[in-house]
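By letter and in written order, the chains are A, B, C, D and E; residue numbering begins at 1 in each of them.
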Amino acid sequence: MSKIGVFVCHCGTNISSVVDVYKVAEAAAQMPGVSYAAEYKYMCSEPGQQMILDAIKEHGLNRIVIAACSPRMHETTFRKMLKKSKINEYLLEIANIREQDAWVHPPGEEATEKAIDLVRMAVAKVAKNEPLKSSLIPITKKALVVGGGIAGIQAALDIADAGHEVVLLEREPSIGGRMVMLDKTFPTLDCSACISTPKMVDVSAHPNIKLLTYAEVAAVKGYIGNFTVTIRQKAKYVNQDICTGCGICEDKCPKKVTSEFNKGLSDRPAIYKLFPQAVPAKPVIDRETCLMLQNGKCGICAKVCPVEGCIDYEAKDVEYDEDFGAVILATGYKLVDWGGMYDEYGAGRYPDVIDGLTFERLVNASGPTEGHIQRPSDGKEPKTVVIVKCVGSRDPKKGKPYCSRACCMYAAKHAHQILDKIHGARVFIFYIDVRTPGKNYEEFYDQTRKDGAVYVRGRVSRIYSDGEGLVCQGEDTLLNKQVRVKADLVVLETAMEPNEGAGELTGLFGASRDVNGWIQEAHPKLRPVETQVGGVFLAGACQGPKDIPDTVAQASAAAAKVIGLLNQDEMETSPMIAAIDESKCSGCGACEPICPYRAITLETIRSREGRFTNAERVIAKVNAGLCQGCGACTVACRTGAIDLLGFRNAQILTEVDALWQ
Amino acid sequence: MTDQETLQELMDKADVRQYDCYQCGKCSGGCPMADAMDLKPRGVMRCAQVGSLNRILNSNTIWLCTGCYACVDRCPHDVNVPALIEEARYEAARRGIWRRDSEVLNKVFVANLKMFGRNHEMVLAGLYNVLALKPAQDAQSVPHMMSKKLIGIRPHSIKENGELAKLIERAESWDKLASAPQEVKK
Amino acid sequence: MIRYAYFPGCASESTALSTTLANNFVFGRIGIDLVEIKDWNCCGATSAHTLSEPLGLALPARSLAWAEKNLPELDVVTGCASCYARLKLTNYRVRQDESARYMVEKIIEAPYEAKREVYNFLDILSPADVRGRIEEQIVRRFKNLKAACYYGCLNIRPAEVTGAKDRENPQAMDELARLTGAEPVDWGFKTECCGAAHQNDAAFETRPLARRILENARACGADVILTACPMCQLNLEMRQAEYARKRKDEKRGKASFPLLDVVLPPPEKETIPVLSITELLALSMGAGSGRLRLDVHHVPVSGVLSKGFRDENESEVMI
Amino acid sequence: MAIDKTAGTAPGAMIGLSADGTEASAPKILAFCCNWCTYTGADLAGLNRMKYPANVRVVRVPCSGRVNPQFILRAFQKGADGVMVCGCHPGDCHYATGNYFTRRRFMLMRNLLEFNGIDPKRFHARWISGSEAAKFRDTIAEVAAQVSALGPNTRYREER
Amino acid sequence: MNKNEQQQKMRETAARLLDAGEAAYVIGFGETRFPEKTSILFAHNAEEADRFVWNDACVQSLAKYLLEDRFADYRVGIFARGCESRAINRMIKDNQFKRDHVHILGIPCEGVNAKRCASCAVHNPVVYDELLWDAVPEPNPETARFARAEAVEAMGPEERYAYWSDVYSRCIRCYACRQACPVCSCRECYVDMDRQGFQGKRHSVSDNQTFGVTRAFHVADRCIECGECERVCPMGLPILGQTQKIIKDITQLSGDYQAGMNAEDGNFLGAFDLDDKDDFM
């Protein structure tokens, strides 16, 4: 038997000047199930709350309706208040008679009638409310950071510094990502390796960080606070515990393959470190190219290795499970394959047309040319260099529709580096727009122009060879003239796109991606470092093109979110989630694809079904940790076997019915 | 109809939307005729954007475009500039705005077809050079071609050239023909 | 026997004499039967569609409609890029647009449904089996002959009409040239417009187009330019003397008397021969230069012939 | 003031029904509003003291995807003269994808209702964001005007 | 093959299946006392299999009977025409049983009854373990697929309401439509659940109409257009029009849509496209 108390708030005169609150209370008292009704000046005030608590005690009320301001305003206030009483805090409904009544209608009958209707709906609903308990889920105090670029490194260090355990997982043999490939960073021109390698060393030395390189995520189960991640450690074939990193094996290895790190500008052995300052500073064997692993003939590295048993050709990939409370995705970007997109730029058949990252290796002091800019075709120093921006960016037909954000700045940086290193060099930068919205960015661009870089406004139409060199043909749209620039080297500042495999990885965690494949943030403005999946965060260029400062800022932001989560021992979950009546569920699975959080799974159970005593049937299950309570699933269920607690079908329908009772 | 409306109609016919173009200049950059054009392909789009139909119609661009489609091919937004140029050229012709040399050549060419059904080089080049007041154009090649009998006085006429002339007249007056009452198409 | 309905195009009867002879020779040898469209008329070239869209579509449609009615099983082929562009576009528009078809049928007073395809020579010479037949007929292969294959814009574009995949660096002609022993060079003007469309009415404006093509071919080391269109071929060849003089004038900084071109042919190193791809194939299949009437070329082709042939077939060299 | 349950008023008097249970003239519109967008937008309309017709009653739901098309039928049965379903603009769903399902469901349901002879002016699905207070106001005014013009709904209405 | 030969082939195949123990029984058509009516026959052995019939009176859909023994641990054989095979796909997709639970004897069918099969577009079974005879050409149905819905659409709003009011004033709420529907596989139908409050139980036009529209919406994107609902209606109500309307709209929104053509494709209402059209403003 419900004993409902209705409390009508004047809100000073905010409500009472429009709505006849006395009449509302009077009418409420007549409603079915209501055993007490009252009005008061300020329900949310201390005395107002006390009045409600007293009434509960005095009249033995077991459900409460408060007619006041929007539930978005004080629902939590009154729930907290109810915690002091014997009534479950979810046996409360709020009738919004301020924002949606008193404030939008003139004083009089109509407003009062509406208020009474709203109270009637709330009374009807509260009669059907059921006590709900938010559950506490324990939190595994360990974070997983996927991707060991600068975003992952920064996030891992921040979390570890806050005292939480972190696993940093990287699929390459070394962490460092794209940033260690760069020579200098704009706008300060400090050496990229000089600022990133110390951080890499910090990672390897930090007591709270476990570094897993050459490893991948194979599978993911669970939900916020309780992820179980299957990690696949690829065989390194070099015992990392006893290897001294002496490098003899690398010198002696007879097999040479193109170096990915140096963008094809040099070779590397099959047993290799990604680059000299790699972390960990120990080699791995690339099984795709190793002669011993491919056809069993060679074994030189084992012979020359001074440490007994360090090289193990029999090593196998290992998969194991590890539990985490939170995850940061920091999978980064890669440059588009421009050769496959732009026939007019030679489709990759001119060796002296290179992309920006290749140029970084070319100009890098620790790169294959030791920082001397030499063109790939013949090793000559280029005198005239053309830089082409927006290759693959801002091109919905052949490339990507978006702006890749960092290219304007690194184009300026490249121009600066060329002018700095090559005496008498001439640099032409073809651009559509110059975008420099960052601290000290415009100043840097300005300086580059003063240094002598010639900015030509226009997109290069084609690049061809005239037998001696390359000709870049385009329009100088400011001169309104066609121009042909004969260049020794052409640098294409190509678009960024999501890294290889980022899509599959995002899918494993249940997060979604936007039309361009970037990981979708939960809200573009207000939740920029969260994915839609609780407990899964993102950092860096996996969310969209970014430069280093933005990436690091985002990494620290994601880390802060993770720290906030891991600082709790347990997490309270909203009890207003979907629930399944298994006896009604026919297992049709219509609800399953609708859930954006993959909270619904189909399971096979055994039960007695008529004459079948041990019948196998399928039912849907809701994972309380994943469900966010949107209720979209409930509509798909024809029997109503899946229902939303707090907004059950019966509760909403009774509100509808109440209006015309 | 205002110029603005006419321009919009030309754009619709050409299936070109002015806002698709963001003036990157890749079209003009690759246009083989750009050096000679007073309004390069990007300029045509710019005029379309600001609604300057007159500048398009009075440009030599609409007569010089060779229709090689390099601009469309490279355009990041797939803007079909030649289609717009073609529609603009028809509009210019409707208004009697001609580039003299083009008018002479094209009209001589069609007259040539009406006579013979096929192109007669001697007639074409001869008439054009006379009417366009360029008697010496390509004259240096004539002795070689005459001597090798590559070109000559004898026309290569088709049998049904009378029929063809009528066909050409029907095509030239199609606008009138199409607006006249027609029997219902099946 | 492969058969096509053949649209020769006006140039085949006049300026493209040697190419026409070569076409007949090559297609005869490899067993492709070109059935000429009866009483075909000019496709309208640049002028018809410049003046009016209906005329631009109706002129090609007349010949195509005849082929559709009388040679219903045959696809249409033409050896001229300009004709190809006009025929193909007409075909495409009639298929795409019901109102265009209605217009065309009214004007030509005949049904035309664009049931068959329109091809150019490169299309029909490129399939693997045809290339096999060509290879069988090759009797001698050129030695040290560097060829710049010039496709022309209209054989390739617009992409939506032609369906060509690689529009900047196509390979079909390069592959054919390779069969003759020639080495295709990597150069930059394969599909750049040569300006032939306006060679009369905008002579001054279009000359640089051809010049740039010729100069790039020479700069990239080509001994010969190969074409797939008699219009391109003539345009690239006819004014080489004029260009050579201009080049000289530009260097000297003053103009000379134009008629000197006729009197004094330019030095051979200033020019580059231009052959059609079928002429090259015919030569490689053993046709003599006399039979092909190579003497009609404005630029002497002796440079090509003097390169000689590879040893394996030395005995058959008779030109 | 506290009221004892025993004091009585005629139940129908305040809800637009006269004593004999016949219809009063003002139409009633029921709006299912997503908590994250339209409900917030309606609150904002209040905060800005915008005025709109008083005959709308809002049912708060966590997401427009929670609204079962059967709720609409029920509302018409019980006496609604107009029904609205309001959610976030496509792409803005608080739960990422809920409103995409709303869209499909109600495109079908709206057509089915029309197919069954219910005037499409009586059922509206609208996208109104949390910041579009003015749009909320205008929409309510527009729908109220349409529904008033149509008069009370009798179709699907339960006999009482 | 004429129908007699086909009937013989069906009997032989069923007998073989039962003898080999590949199925515990086979569902098919059996004789009744009336030549124009057939019954459902569950044959357990070869002898019983010899009583299967195949003629123009075989108008029932056999598929729904599969749900009777869906929890059994033996296999069930069933004859399946195009319509039945689509129903079976639907049941598999709805997890009512696994594919290997049934042995499907595919019987291409050119239609048995002018009324029932007039708009049938799928003569050949779309899933089967064996095909008893050669596939028949797929028809170009004489009656347009959505004829019933289009007829109602053509009416004015008043007329439409009057039409459906008339239909539902005659409905006796016997739920035969639900019982016969091969995609109604809920364990408990919403109409039988009073406490949810979705469905009033009064025998009134209002409740009947609500039931009619809701039933249509419940099968919506899963309806295989077999017409069983209409065939079994004792009042002869043209209720297929409702589901036809929904499928027609789906087809307009997302291109051709036919439920049950395989057991893998998702439901229309269980998916979305970012570019779905709407005019909700």
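Keep this in mind: a residue touches a chain if its C-beta (ideal position, glycine included) is under 8 Å from a C-beta of that chain, and two chains touch if they have at least 3 such contacts.
Model, not experiment: these values are computed from the prediction.
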Where each step is a move between two chains that touch, what is the least number of such steps from subunit A to subunit B?
1
Spelling it out: a chain qualifies if it touches subunit B and also touches subunit C; which chains qualify?
A
Hop across touching chains from subunit B and tell me the fewest hops that reach subunit D.
2
Hey, which chain is the most central one here, using CA centres?
A
Distance-maximising chain from subunit D - centres being C-alpha averages:
C
Pair sharing more residue contacts (C-beta pairs) when A-E is set against A-D:
A-D
Whole-Å gap between the CA centroids of subunit A and subunit C
56
Averaged over CA atoms, how far is the centre of subunit B from the centre of subunit E? Could you give it in whole Å?
63
Geometric centre distance via CA averages, subunit E-subunit D, whole Å:
36
What residues in subunit B touch two or more of the other chains?
35, 70, 73
Multi-partner residues of subunit A (at least 2 other chains)
344, 462, 594, 636, 649, 653, 657
Of all residues in subunit D, which are in touch with two or more distinct other chains?
69, 74, 97, 101, 105
Quick one: which chain pairs are touching?
A-B, A-C, A-D, A-E, B-C, D-E
Spell out the residues on subunit C that touch subunit B in their complex, using ranges where they run on.
10, 13-15, 17, 39-42, 44-55, 58-59, 62, 85, 102-103, 106-109, 153-154, 157-159, 167, 191-193, 195, 197-198, 200-206, 208-209, 212, 238-239, 241-242, 258-259, 261-262, 293, 295-296, 298
Parts of subunit A lying in touch with subunit E, wherever the complex brings them together
515, 583-590, 592-594, 602, 609-610, 612, 615-618, 636, 638-641, 649-650, 653-654, 657
Subunit B to subunit C touching residues, read off their complex
32-33, 35-36, 63-64, 66-70, 72-73, 82, 86, 89-90, 93, 99, 101-102, 104-107, 109-110, 113, 117-119, 121, 124-125, 128, 132, 134, 136-138, 140-141, 143-145, 148-152, 156, 158-160, 164, 167-168, 170-172, 174, 177-178, 185
Complex contact set, residues of subunit D against subunit E:
69-70, 73-74, 77, 90-91, 97, 100-101, 103-109, 111-119, 124-127, 155-159
Counting only contacts in the complex, subunit E reaches subunit A at residues 71-72, 93-96, 185-190, 193, 195-198, 218, 266-267, 269-271, 274
